[in-house]
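Only one structure is covered here, and it is reproduced in the block below.
Naming follows writing order (A, B, C and D), and every chain is counted from residue 1.
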């Protein structure tokens, strides 16, 4: 692995003005992604993981905006690129797979056409129709869509959920991107299909060296798939580490809470304990630790100031005062 | 034994009525809050309310007689024009009658026709829709087919056709509008009832021994009444335009009763010499209808975002 | 598959047309008093024999269901009765007037689309911009503006003050045009008559704007709101994530989907246009169906009113048929 | 998003402004004139741009376009019933006699007409009068025309029926051909009004009509008039005529004599008043009929537009249904005549272009009694008469009798709505609850004849300037199936008046006729079966390039004389 990460987020902050106040959906997120790496971002829905992904591609819709930070792709700050230059990156270098395949595919166009569009936009096949179509069919069979020649002209509603997701992946892969942002790619699918899709993504990673960011609420899935995991809560990262570090020695109470919520066959514990309380209002996040109110180990000091990251092991960062003995990052 | 049952029913009614009243109060308070949050919608509501008040108290707030005038004062321009006179703020018409007074009285006709035709449409449409949706069967089949048929006619053309045969007049006008107006409410309520009738609470009521009529009236209708109310508000503006169009064509209210549509129509010959005679009643139609639409759409957003009819 | 579906849809209009005819038949029953008295109105001194004759001619001396049978049978054979005021069969009158009305309705529809599409799209893309606010305010006005008033103001401005557009009529009297379909614009194209094309288009412009303004407003509002909805959708995000240009995102991905609900509304608006004809045709001296109907109403020319209402309803039903068929091409999901 | 709608209110203002700008207001010009001299040039330009609008003549255009307010009711000379129809027809056809711009009758096709006795007329025809197909007009054509108009069911299309113009042949009996150029007409009774009435019968070609039938005649009319038929569009919305090169020249008394001046004439229907005026201002039409009186001042100030008016022939009354209370009481009827200020109506509603009626006949009728002065406006007298009739004002000033208000509905037709509303307003002023209902004439007429209504403001054409054709229709009691009382909407029936009317019809001595009619007029005046209102002028306007044009009293457009500059 090279020294410079493929993608590096520095203090990325994305805000949405609402009637109740300014919502900081992504607050001060710093992360890095290496070439070919499999990174998981885990958190409850609404914690800002999807917004983080959209922020990288600068697809935050108004009135939301990226308020601060940097997103360095191969050393270039994406946030400073012109619109045209940004379009060159989207789909070509960084592609995204969205969570609900049915609503993400355009109902008005045939699936093959939608895959071909990626090729056309980035002139992958010199805008030569026959060559483009050939490549689309290749892609479709690569992602496991059976009889691609026939299905080229079919519409999204004629596809099953799994096939739709495969088609989405095909769209994302069309230009052989360096990074694939997969936002809950399997959430709406049933379990067997889920496994197939994850399997497909792993093969892509292995075959092409595509770095994948897997965004999921399912810690288990992330644990199975990823090399590194970042846990997000209320717009902030609360714990980052290798999969082993995060799963075996979770240090943030929230991560631990997430782990107890998951029924695990391997674990001794059989009781599932939901985390008590609710996610705080993002327009009104209390100072200090955002999780404090729900935390069983909360101390008064937790609610005072913003908690910094503490590096408790090499590469294992956690935002929790219980580790204040460790050096703040 | 027999004396016992009615008492229980009565107490049940009384009880549910009180609860319902409290619920309605709370809903109303919430609605008030939501309106406060949307100043433009509120403004629309205030304009509508102002028109209603003007219609009710027309006789108290005007100093002129809407049907009396003198030719000596023919075509007095609005007050701000060179030869205007604040006695006639919007000027006078071809008979020397105060235009503002006539517009205020005209509100009565517009609102009366609008409200009555919507009210009849609501009552007929809701009742038929509820029964058709609840009982299904041949009744539903016939009513639905008939409703589809009426939809095959453009509204204004149907109303013109009916008015042509009935002849002009207030009652006929309301009838003609309601004759087609009920269809929308029928379809709305029928659809809602079809959805509601399979829900648990209806089954519960049936198990509890309530009659079908009681179930429809006391269990199902309260759940669809909001949508009906919203649709009714939106239709009110439409009916007012229909009234104006029919009056414009001479099929509505007859002179000297001031009706906006006929005021616009009779003033159009004078557009080159006295632009105000037909412009201000036109603007009154515009203002009221726009206000009703803003208010109605605001209500829709607050009460029933599902209901998106254009 | 699609062809069969379309055929089925076409067939469903047949019972509707029958229903329309039946309702129109019952119109005359609404009149207080004896229809024959009213029909004979203009010759008050009609003899009893004449009354009987007329009664027989209209089958009013037979039971109601027999009358209905006659009416439907006649209607099916294209016989809608006889206009006493105009001394002509109703069908002839309708046929000679219909092209003018159709031409204006199509003109108004096109104008309203030309106005509404860019405004709807732009105000959705630039939501809350000044342009958006102004055009939506304009839309509200357009919906409630009395057609005749707009018409006269347009005449005064374009015909009298600027003198660049004609004030009335369908074509100048000194322009020769051979009638083929009765739609003058089409006829001048068919006969390759360029002066007539220019002249008839100029004549068509102001009435179409007058008639189309309200409809344009409604279409613009619907298009804007469905564009707003579509622009928030995931597939638009995907298109952006692919790196598509804003133009492609809006004009291809978003518009195509936003048009689906819009098309339905456009179909319904044809009904509004048909109704609005009556006023606009009077203002612009347009020799169409609308003026004929207004005349017929005041003259109590009942057979003519019946026939005209029927023609309007049928035009409306057919338009919606076309819209539905168009819909299947816009929306691949649709099953008719 | 909701805030968007706030803006509409300001947009409203803009619209009003637009309307105000686009509306030519006479004030603008007046203000301009008051400007200092050195600025006039500049300001005049501005004024012309803001105001109107010189009609621009299309260069080299030799076509005269006339805008009518209504479509002609037909184009068959025997079978129509409107002035618009007569206007078109009389440019296509000629009559035996014609009328000048006022009430004078002159020979047209006839070379001479003379009474052989009180019931027999000898008509000598001009030689060399050609139909548009080149054939010569002869006695047979005249006889055929008379028979076609008079005989029952002589018009075979679309269904056999009697010509609508039958009444204009009076007591026609038979017509005989003496030679090719002489016709003798026998009447069943003396007919002093013959000359004025014959103006309204136009001669068709026997050969042509027998060949093509009525349908053919309607589709392609053929006459001897100054213009030939070229084409017509949907329901006579537009009729195009062209100059008839072989025209015999027209009535020799009425100069100019000769072929028509313009090569083409077009009649176009523009029903909306504002549009009709706009079309003239835009230069699209050359002559417009029925100019609203309100617009006269405005139009007169427009350079390049000429406005002319002439005493009309459509007097207006409000007829009371004398068979029904409260109008059974002559005092009420007289009171109402005193209660309405005709001069104010003339000044305001007609812009001064009308005269008050002094009874049953219009002042321009050759037999009108000038000694009958219009009822004066006298509110006190009206109230006194009403009091005598038992109507007294209550606290609010409304007239009451036996606890019931004096209330009635005044029916009228759309074109008379302004004057009717003015009358109703004045009546309300004396405490009468009068309201207005607008009808189409064809619809309300049977109801009026059935005496189902209460009061009716209507007009009746008197273009013959003779009591006949008019007085028997309005004031003779109704005789079903005849022309007597066919327009009697008041139900007025006075045996003496009936007799006088019938006597007048057959009295050939003008002085004696005058005596007869004066008595009838006095009776009608005193019994007041109607509120005698006004005789409005016919107002027309034309572009400046139209020359030798003037509106005619019988509101017919005689385009034969008109030239274009």
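Simple rule for what comes next: contacts are C-beta pairs under 8 Å (C-beta built on N, C-alpha and C of every residue); 3 or more make two chains touch, one makes a residue touch a chain.
Nothing here was measured: the structure is a model prediction, and the numbers come from that model.
K.L.:
Name the chain pair with more contacting C-beta pairs, choosing from C-D and B-D.
P.N.:
Of C-D and B-D, more C-beta pairs in contact link C-D.
K.L.:
Calculate how many whole Å lie between the centre of chain C and the centre of chain D, each centre taken as the average of the chain's C-alpha atoms.
P.N.:
Taking the mean C-alpha position of each chain, the two centres sit 36 Å apart.
K.L.:
Need the CA-centroid distance for the pair chain B / chain D, whole Å please.
P.N.:
Centre-to-centre distance between chain B and chain D: 45 Å.
K.L.:
Using mean CA coordinates as chain centres, what's the gap between chain A and chain C in Å?
P.N.:
53
K.L.:
Do you know which chain C residues sit against two or more other chains?
P.N.:
In chain C, 127, 140-141, 145, 149, 152, 156, 298, 300 touch at least two other chains.
K.L.:
By residue number and range, which residues of chain B touch two or more other chains?
P.N.:
Those would be 250, 268, 271-272, 279, 286, 290.
K.L.:
Using the touch rule from the top of the page, what residues of chain A touch 2 or more other chains?
P.N.:
none
K.L.:
Can you list every touching chain pair?
P.N.:
Every pair of chains in contact is listed here: A-C, B-C, B-D, C-D.
K.L.:
Looking at the complex, which residues from chain A come into contact with chain C?
P.N.:
Per the touch definition, chain A meets chain C at residues 54, 57, 59, 61-62, 87-92, 95-96, 98, 100, 103-110, 117-118, 121-122, 155, 157, 168, 171.
K.L.:
Which stretch or stretches of chain C touch chain D in the complex?
P.N.:
37-38, 40-42, 44-45, 47, 82, 85-88, 93, 96-97, 100, 127-128, 132-134, 136-138, 140-141, 145, 149, 152-153, 155-157, 159-161, 163, 166-169, 172-174, 282-285, 287, 291-292, 298-300
K.L.:
Quick one: which bits of chain B touch chain D in the complex? Just the residue numbers, please.
P.N.:
The touching residues are 38-41, 43-44, 67-72, 74-75, 82, 94-97, 168, 250, 254-257, 266, 268-275, 279, 283, 286-287, 290, 294, 298.
K.L.:
Which of the residues in chain C end up touching chain B in this complex?
P.N.:
Touching chain B from chain C are residues 16, 19-20, 23-24, 27-28, 30-32, 140-141, 143-146, 148-149, 152, 156, 218, 221-222, 225, 265, 270-272, 274-276, 278-279, 293-294, 296-298, 300, 302, 305-306, 309, 312-313, 316-317.
K.L.:
Okay, in this complex, where on chain C does chain A touch?
P.N.:
127, 231-235, 237-245, 248, 253, 256-257, 260, 330-333
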